[in-house]
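One structure is given below, represented as structure tokens, and several questions about it will come after.
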């Protein structure tokens, strides 16, 4: 009942193969860098999609949980813990910190929830900038080493300071995230998220514990965001408060909405398209942000459902036109 | 006075109103019958300008109003008393009524006069002049809604399901008031109802809506006898 | 099977429902009627856990379920619908139904993520139950439709269907025919009778007298938050207090 | 004790600013249901426009203030028309994104026109005096007085004029207002203009005290947002009370405990209040 | 789900199209890269740095460009905005090194310097990182391709302490900007001041970047009746602090951390009226610097960029000169190691040509004297110039020969822990 037609599966397979082969076509370190960062942002945006898009709770603490992952990995690896242990530990840390945050903020709804989580996010950001003993204050933590080389049978030694290895590492996590979200979203369990978003009173009345459902979604989003943050720490090699800031949250939100909210592909598309757009507006220099700000407004007005939503509408229009033509043809022949 | 020409209205891509043409003369009292979801409210909202017809025209006093904004239509004298009352819950009865007379806002004496007339119909409103509208019962809110829509001295009053969700006693009272609005004030009234009994007893003429189409129209006495109407709406 | 004991609900000191007690027996259709503002919906909300009673107790099968949250009450075998048709209008018909089965299954986070055998079994079970209900409602051909594409009556049927998904032993319906014309009302009435015939107890709030008289086994009448009468339709029809309070002295056609 | 009074005075002054800015935002959020996250940046623009009239054109302080309010009022009208009205009927999160786009634009605009360096208006009332052992400048007292005057004025406007009543009517029931013949779009534009003009007013009074910079609106905008929620969405008394609460918490927390964490106290207080009253101080029962 | 095909396809096409369209520098240019804040709260600071670099490049190009192994090149400066966001900074650096083939990249903020030090030694994108940040933290990260430009702030700490002590000040209070830089500064100042026998009465940091009203903190520190206040962050808000302190009735003196510049504050905040500032100790005013080219440089800079000149612009101007000359000496424009190695050969810089001449190198640091100045009774006093890196008096005397002298400058030796050779 939740299976996809064969040609869709083939298409995804093709995208997957293209993604795996992409490093062969990337000519320089710059493009590599942008793509790697986009993958990390895509992971975080997918997570945001789970809580905002599918569950309908506008959590604006997302950047802070990304930051917890980044700081967690930074602190633990600095203390000598292996990255492979530090990453899940940091993600679990995000879940633990997310628990009181969720328990308090999920009592509120709508705008109120958005603002309470925003406040939590800002508080965590301020703490990151001032708890010097733990976070290094505004300077942050620097010199974070990538994970040590590992030997993989058939492939050989992987050196994680290379961009290719970082690319595949990030890609693996993105695929894992998409796989998990796919499974959740296309299941009765995932339907309960959308049920809570759509009609909370009815969801409650048909036996769904709406609070727990929201909390699970919130925590799953935090967990994934922290994973993305942990990867960010080793790719950038330094963590400072801007990796936990509300600016990051807003960026994710822009990727999410302009990509297409509540669609799996939208988050990925948004997280790739917007940073690439920003990079390509670099030539405007002083006017870059002027143009970007205006573009943002125009796009949201003309594509309120984002890129994916716009395409759906386009497909709809094309389909309608085709149908009309067909019926006209029948008319003529009849 | 009011003339609809092949009106089609869409909401969110779905065609709710299809090809409706009708005409109402000055001074008439006309009913619009139909079940929930048949498109009565959509039709009224289209006439009042809240929704714009996809195809077709709406004429009021020989002026095409289907592209005018709502407030212009109100200024012309066509007022909709909407379903769900749409009052200002945190404003007093007095302010609700004053805002009802918004098109006449510069003429204080006329507002006073109209308010007194509303109090004649619904004395209870005068008793509760300074109470917030939101604290009222359903029946009282309906009275206020009707009162508010009378404040601007409409030439044509559209009443959208004034009896919905009200106890039979109140329905009776409201029905009487509407009838006297039509008779005493000489206001043209277009009344939408699913309570066909009540509507057909007080109006002169009626249209029956089904799935957004006008399936039947005629004098009330004829409609009452119609087999289909009896079965579907009256339950005889 | 169900027992309400001196239920009282105060809003800002004003009693919306006052000291109402009644019983619902296994397999019957009980109707609660009363004029607007009589406290029907408040009473209903207390029975289903949406409101916590100020005082009084609610029992289901002898268990005290007072103050339980709605999602817990469902697991006790009691499901409800809402006065204004309440559906998941962003989802398809089939999804709407499957959500109603969720509480019966162990379809949690980990099972879903790992597609455990348990998950597969339950997912199939939920699907089969949904198909069963669709057939019962006569909506099989609409399973892939989104809600706005359904007619008013179909939506009302679906709302009842969602409540039935979790196999409740008692169904509480809040004005299931509100806003429908006579013909449609008759069809819904027949549907309710079929539900009862399957062995499900039904409690219904309505103000369409005629329909209730033909459908209910027993009727409880509320006015100003108090119970003023209880009995068979015949008894209610001839009860003077009811006629005065509710019908305003004349019987509504 | 003197120190305490000094901090309270400072808190009230901050609070006055917050109250004015939040007042404008709560009108827009409550009535038009637009989460205008760019409000702080409109405040910033108001400051720069005042600077333009005062320092560049050499108009007097009060004239510059008036001109700034008028220009910002027009900016508000344009913004409502161009940015937010086309988004009517879409989820509030889209308004939020549009607001972020607007604030990015406004900040870049100010940067392009006035440059990154902090600008400053010569204080027209720099005199200081002592009162109860507190040192204060006339300008600072003026901020407090102006806020009080604005609050009283706005109250009368809302409660005693037909235009004020129409604004409330649109807030409470948009369609209902439409059907009584109120031109809802015009009311929206007026509301937006009032909102941005009050932001300009706040900025004008503060610009002699503070430095103007293109990014000065970001934190203030966020705080205004928080105050609006703290007070209860759309509630005017809520915004005023919330503004003063935030100002006092910041001054006392920053003065006595830790400046680094003064925003933590402010934001923490919001969380605390909302965890007790999930719809804010004056919020309606169900959001 | 059919709708997914088109977006995916377009995304892939988009990436490749974007890759193909990106520009490459002309072969005859030597590109010097810059990434730093050009918008947002640090924009003024970042633009000052970039202006200094651009002006140096212009001056060189006016003189015919540079000649490396007989080939002529023009110097082209490419500046990108990173808003102090590490992600953008790394993207920018990758872009500058991969696309524009910049082998020297300037960055003026530690938060972005640290991540750049993570990548600047990678084979795929090697570049010499010219780091403009006075925190000694840079020296803690092992990196062979980083050069730190300004003198360490600890040199200022010691110099200012000495000057304040000589004025007879004993009791101070601190209200420095929040953040890593300010935290380190006040920590170091407190430590040194107490070491020489002084007293710190209160310590209330404030956020100079986001806050604009400091009366809360000021009231608290003034209440302890200090003789002077240690204040500072970016220049403009520091000027406000001085003004607000006076408004609150404070009559003592001020010591400014090195980020705040007294001449900038005097000109911009107080419109040139030095008497409004009271007694101040801080980084020397630019007009007081010993180099003879300063007045002319000043005039050109302010005409060209329309803003007040700053120390940041000056130092980065001089640093750019070193880089370009080192390229000529090394005979390469694309080998960062060789360029760095050639630094020693072009130092010390000629004081009649560059306004702030660097004298030598020490590990990753360029060496320059620390200059401190004072305002007393509405006038600048003579500038104090300190040599802070020589290990003894003799070495200092030897070095003195290569340091520009002037009647307006008093030069002395300032032994600084951790840097004594």
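Order as written gives the chain letters A, B, C, D and E; numbering starts at 1 within each chain.
To be clear about the criterion, contacts are C-beta pairs under 8 Å (C-beta built on N, C-alpha and C of every residue); 3 or more make two chains touch, one makes a residue touch a chain.
Small disclaimer: the values here were computed from a predicted structure and weren't measured.
Fewest steps needed to get from chain A to chain D, stepping only to touching chains, is 1.
Shared contact partners of chain C and chain D are A, B. Distance between Cα centroids is largest for the pairing of chain A with B. Of all the chains, the one whose CA centre sits at the greatest distance from that of chain C is E. When the C-beta pairs in contact are tallied for A-E and for B-C, the bigger tally goes to A-E. If you average the CA atoms of chain B and of chain E, the two centres end up 74 Å from each other. Our note on geometry: chain A versus chain C, Cα centroid distance of 41 Å, whole angstroms. Taking each chain's centre as the mean of its C-alpha atoms, chain A lies 50 Å from chain B. Residues of chain B in contact with two or more other chains: none.
Each of residues 129-130, 286, 288-289 in chain A touches at least two other chains. Touching pairs of chains, sorted by label, consist of A-C, A-D, A-E, B-C, B-D, D-E.
Contact residues on chain C toward chain B in their complex (touch as defined above): 35-37, 148-149, 151-152, 178-185, 210, 246-248, 250, 252-253. Remark: chain B residues 48, 50, 69-71, 74-75, 79-82, 85-91, 95, 98-100, 102-103, 105, 148-149, 151-152 touch chain D in the complex. Residues of chain A that touch chain D in their complex: 52, 58, 104-105, 107-112, 114-116, 118-120, 122-123, 126-127, 129-130, 246, 250, 253-254, 257-258, 261, 286-290, 292-297, 300-301, 304. Taken together, the chain D residues at the contact with chain A in this complex read 29, 35, 82-83, 86-87, 90, 92-94, 96-98, 100-109, 111-112, 222, 225-226, 229, 233, 260-261, 263-264, 267-268, 270-271, 274-275, 278-280, 283, 287. Across the interface of their complex, chain A is touched by residues 1-8, 11-12, 14-16, 18-19, 21-23, 38-39, 79-81, 84-87, 90-91, 94-95, 97-99, 110-111, 114-115, 117-119, 122, 124-125, 135, 137, 140-141, 178-181, 183 of chain E.
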